[in-house]
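First subunit A sits with subunit B, and in the next complex the same chain sits with subunit C.
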Partner chain A sequence: MNLFDGSYELKEIQRLEGHTDRVWGLAWNPTTGADGVPAVLASCSGDKTVRIWQQSPLTGSFDCKAVLEETQTRTIRSCAWSPSGKLLATASFDATTAIWEHIGDDFECVSTLEGHENEVKSVSWNASGSLLASCGRDKSVWIWEVLPGNEFDCVSVLQGHTQDVKMVQWHPSMDVLFSCGYDNTIKVWAEDGDDDWSCVQTLGESNNGHSSTVWALSFNASGDKMVTCSDDLTIKIWGTDIIAMQSGDGNATWSHLCTLSGYHDRTIFSVHWSREGIIATGAADDAIRLFVENKDGLVDGPTCKLFLKKDKAHDMDVNSVQWSYSVLQLDMVYAITCTEYGPENAANLFGSPEQNNPDNRLLASASDDGMVKIWKLTSLP
Partner chain B sequence: MVSELINANPTVYEKKERRVRITPADVDEYAVELIDQLEIFDILSDYCIDIKDPEHPYSLEELKVITEDAIELDAKRNYVRVTFTPTVEHCSMATVIGLCLRVKLMRSLPSRFKVSPLSCVNKQLNDKERVAAALENPNLVDMVDECLGPSYE
Partner chain C sequence: MEGIFDSSLNLEETHFNEGFDEGYADGLSSGKDEGRQVGLKHGFEVGEELGFYRGCIDVWNSAIRVDPTCFSSRIQKSIKTMDNLVKKYPTWDPENESVDGVMDSLRLKFRSVCAGLNVKLEYKGYPKGSDANMETNIKVLFNVALGSESRLFGVAVQDLSENVEAKLDSPHWLFEVLYLAPRTNVSSPSPG
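Take a look at the complex of A and B:
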């Protein structure tokens, strides 16, 4: 028996309709979805709005609670919640990044960050919420310091990419920044201890990297592995020595671990690694794919296996896939791990299912068809 | 933008006679609307692409920027690939032509179709984020609209 026997499905729970143009980005509020706090999801779109969706504790269905509009004048390409869940940053083609604060029942734009020459494409908060990064078509990556009173101070403008930068993402535990883009590279940026930020590594084609635009990247829970996806139709896994990285070792570099190809036949726009180790990808072939790490492949080093295919997840391109944060669907992962590695190992890795709050790990996807969909990974009867 | 013609004297080719499309007698009205290569070629070829000069009333077909053979259609997956050859290898013009082709097909074909224009500026044209940003630029949209305007037949 194994988990590739089709005993799992990605079940569509709800379609969130409201956007009037393609939906580009999604962000789950990291402080919601557990301990009785209803899950909150933000979606942003070519219709120049952000929609805030909240799950009803009674019915489990999502309703649109707020529409953030009339602030940014062009496509809103991406959005990101601060770790405290109080602020939402939105990146727009109008060259600004807006900061929204949740005040009472309302969202208020409390700051607008200007500086990029043209389209801003991505924003990311560091783990402590003290730094914000943005990137755009002007090939630059900006780092902003978050000051009291919703003030944002630009501390660095990083030049290094030779083409537009598609995404920035902070490491999940350290103040190391990652960016990727149209120049086919992934760049790693770190501070030298003197407030100076510089590029410490470039992962390009010569490092077994991508041969076309790198659209997105994501980290596993422990932060020692990174996954990237590209217009070259591949997904790549990278690894580092996390201990060396934490000790500030300048030689703690990232290296290529494996390449997954043949799973999407058009540009892969989005990749997201869940806390429990399931990688989701969304692509221009309208499909969603899920992968899990293959821990028994020790002979050839770590690899990943396709574990679920969802064709026609949307009517058009899938631009974003995001796992919900807080409520771990550990029962599912436990079951998968049991099947693969036996119950003893599963209990070691994840604790017994009774110890964990079962259920409710959700995947959200956004598409050119204007729709946001909520999915749940379930086992077939 | 383009202040003078990049190619003032393009070679003009004769329009090819259209092959007659055969429509099956018993069309299944519930089947997904069938679109063939020829239809896509028709959509594209009748549009004058020379933006700046109304005295240049040639279609893409007459300029051999596109040919029917250059249209690849994967009907099963709804993929359309159009390889076009600008009259001169000048990428600024190729971008505009490619953008026009892409927009024209986006507007004319059902949304399930995936369109990829191919030329020397391939990567840009197939970066839908860049295309989306370009199409928010009113000047560029005007240019594309002008270029896709009524043909001069």
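Take a look at the complex of A and C:
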């Protein structure tokens, strides 16, 4: 049986109520949700707070464990957990990025990063947790180095975007940074030694890119593909030669693979690629859509099919969709496949949902209606 | 025969040419004057900004001479880079195409040094992005548009400006806010 030939539904597991204004961003703690560690989700909002939700191991329901407030004075636009799961970075319209540490049962603000002229829109940790990137309305992208003792050192201030930068995202395995925004482009930033970061590629309209604001981007499990979503009502998939990229080949550029148009009729604010290969989008039409990649279409390059649309997922715009992290087994499967068949095959096998059980996989969504919802992808009987 | 009427027939052209020459001469001199004024103003601004950075660099360098460990090596390196950029700036060659690039690099390095030192220094004449100006204008226009209502809807106005900086930043939306919002329901500004 092919998982995606059957009928599936996105089942609402729980509504997380508490925020008093629109909810902008979500982040699952990457070290939770497996091995008996209860899943932890952070949500940030226009109400100037971050809420930490923890799943009860007994009932499976989420409870608000902490409210992070009274540090940032305006909308908190984005939040991100460090790979160790110990630190949470939050980006605020008050021009600061705050770093919170989980100490005992409490969260303490251990550092505040200042430098942006105005609204900070997004934060992202690199794979090793040694670098933090932020971006904002001042069109700049900042890279900070994480030093011992919760010290953060500004490594570089990058200018290149001609408008508001909406999102920064590190590559899942390499120290290459991606940013996108209101100037309709995606920019790739890399270090050419000794703190010198520069833009190595710009994906714009002339490279089959977007014709309006690029709101978000996300990578597949193996990091050789990237999906972007835009105000131009399309999502686009980009690919690179990951082996060349890993070997530090400067020619390892990203190129357009396919465009999914005709599925959305309002702005797409959020896109997230699950490790099993399911792409979720959240849009201004209040709906959540799920796409799956067709691996057979090798001749014409990859194609994607819409296999589920959840109408009225929220009462208002869906600002963020985030798949929870996989159980540890998935990483093991990947590691083993990598050793046995090489990374390329691992990517193919790993991308096949039959190999892995996505039943444990939860999707969280956040909306202008002030609600966070937890969903589960299940097959219809 | 034709000769006697030449001057009358060409009267219009003659006057036109005279007027043109006069206007051209006047335009040339006033244009030069204007150009000189703009050049002076711009040159002064560039000089002032370069001088501001020069001053900061000199103070930082003095501090480093007194205590070589006072700043991290990364910051010291950035200060050194700024120093070289100021020296490199082609002050006497305004048509050199590298001027903008050098100034941009200087501004970025300055921001990174300030962030590293955790100080808030700002060159007063630093040109804000067009967005920033637009944002200010929008806020002013909000208040003008809402007039006395702005006091009644104080909170709503604040919400509106928060939205301007959020996702609803496309021009057509601004139009809606500026021209339609005051007439419609101010307390629910989001067009979705």
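Criterion: the second predicted complex is superposed on the first by the 345 of 381 C-alpha atoms of A that agree within 3 Å, B and C clash if a C-alpha of one lies under 4 Å from a C-alpha of the other, contacts with A are read in each partner's own complex, and residues count from 1 in each chain.
Everything that follows uses one rule, which is that a residue touches a chain if its C-beta (ideal position, glycine included) is under 8 Å from a C-beta of that chain, and two chains touch if they have at least 3 such contacts.
As the structure is a computational prediction, the values presented were derived from the model and not from experiment.
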Query - Which of subunit B and subunit C A:139 touches, first, second, both or neither - result: second
Query raised in the report: Which partner does A:369 contact after superposing on A: first (subunit B), second (subunit C), both, neither?
Result: first
Report task. Tell me which partner A:182 touches in the superposition: subunit B (first), subunit C (second), both or neither. Result -> both
Query raised in the report: When the two structures are overlaid on chain A, which partner does A:157 contact: first (subunit B), second (subunit C), both, or neither?
Result: second
Query raised in the report: In the superposed arrangement, does A:232 touch subunit B (first), subunit C (second), both or neither?
Result: neither
Query raised in the report: In this superposed model, does subunit C or subunit B come into contact with more residues of subunit A?
Result: C
Query raised in the report: Is A:114 touching the first partner subunit B, the second partner subunit C, both, or neither of them?
Result: second
Report task. Check the residue A:316 against both partner chains and state whether it touches subunit B (first), subunit C (second), both, or neither. Result -> both
Report task. Tell me which partner A:46 touches in the superposition: subunit B (first), subunit C (second), both or neither. Result -> both
**Report entry** Contacts of A:195 with subunit B and subunit C, given as first, second, both or neither
**Finding:** second
Query raised in the report: Do subunit B and subunit C land on any of the same subunit A residues, and which?
Result: 46, 74-75, 77, 93, 118-119, 137, 164, 182, 213, 231, 284, 316-317, 368
Report task. Over in the complex, which subunit A residues touch subunit C? Could you list them? Result -> 46, 74-75, 77, 93, 113-115, 117-119, 137-140, 142, 153-159, 163-164, 182, 195, 213, 231, 269, 284, 316-317, 319, 368
Query - Footprint of subunit A on subunit C - complex, ascending - result: 72, 74, 77, 104, 108-109, 111-112, 114-116, 118, 120, 128-129, 131-132, 162, 165-167, 169-170, 190, 192
Query raised in the report: Which of the residues in subunit B come into contact with subunit A in the complex?
Result: 77, 111-112, 114, 123, 126-130, 132-133, 136
Query raised in the report: subunit B touches which residues of subunit A in the complex?
Result: 22, 46, 74-75, 77, 93, 118-119, 121, 137, 164, 166, 182, 212-213, 231, 265-267, 284-285, 315-317, 368-369
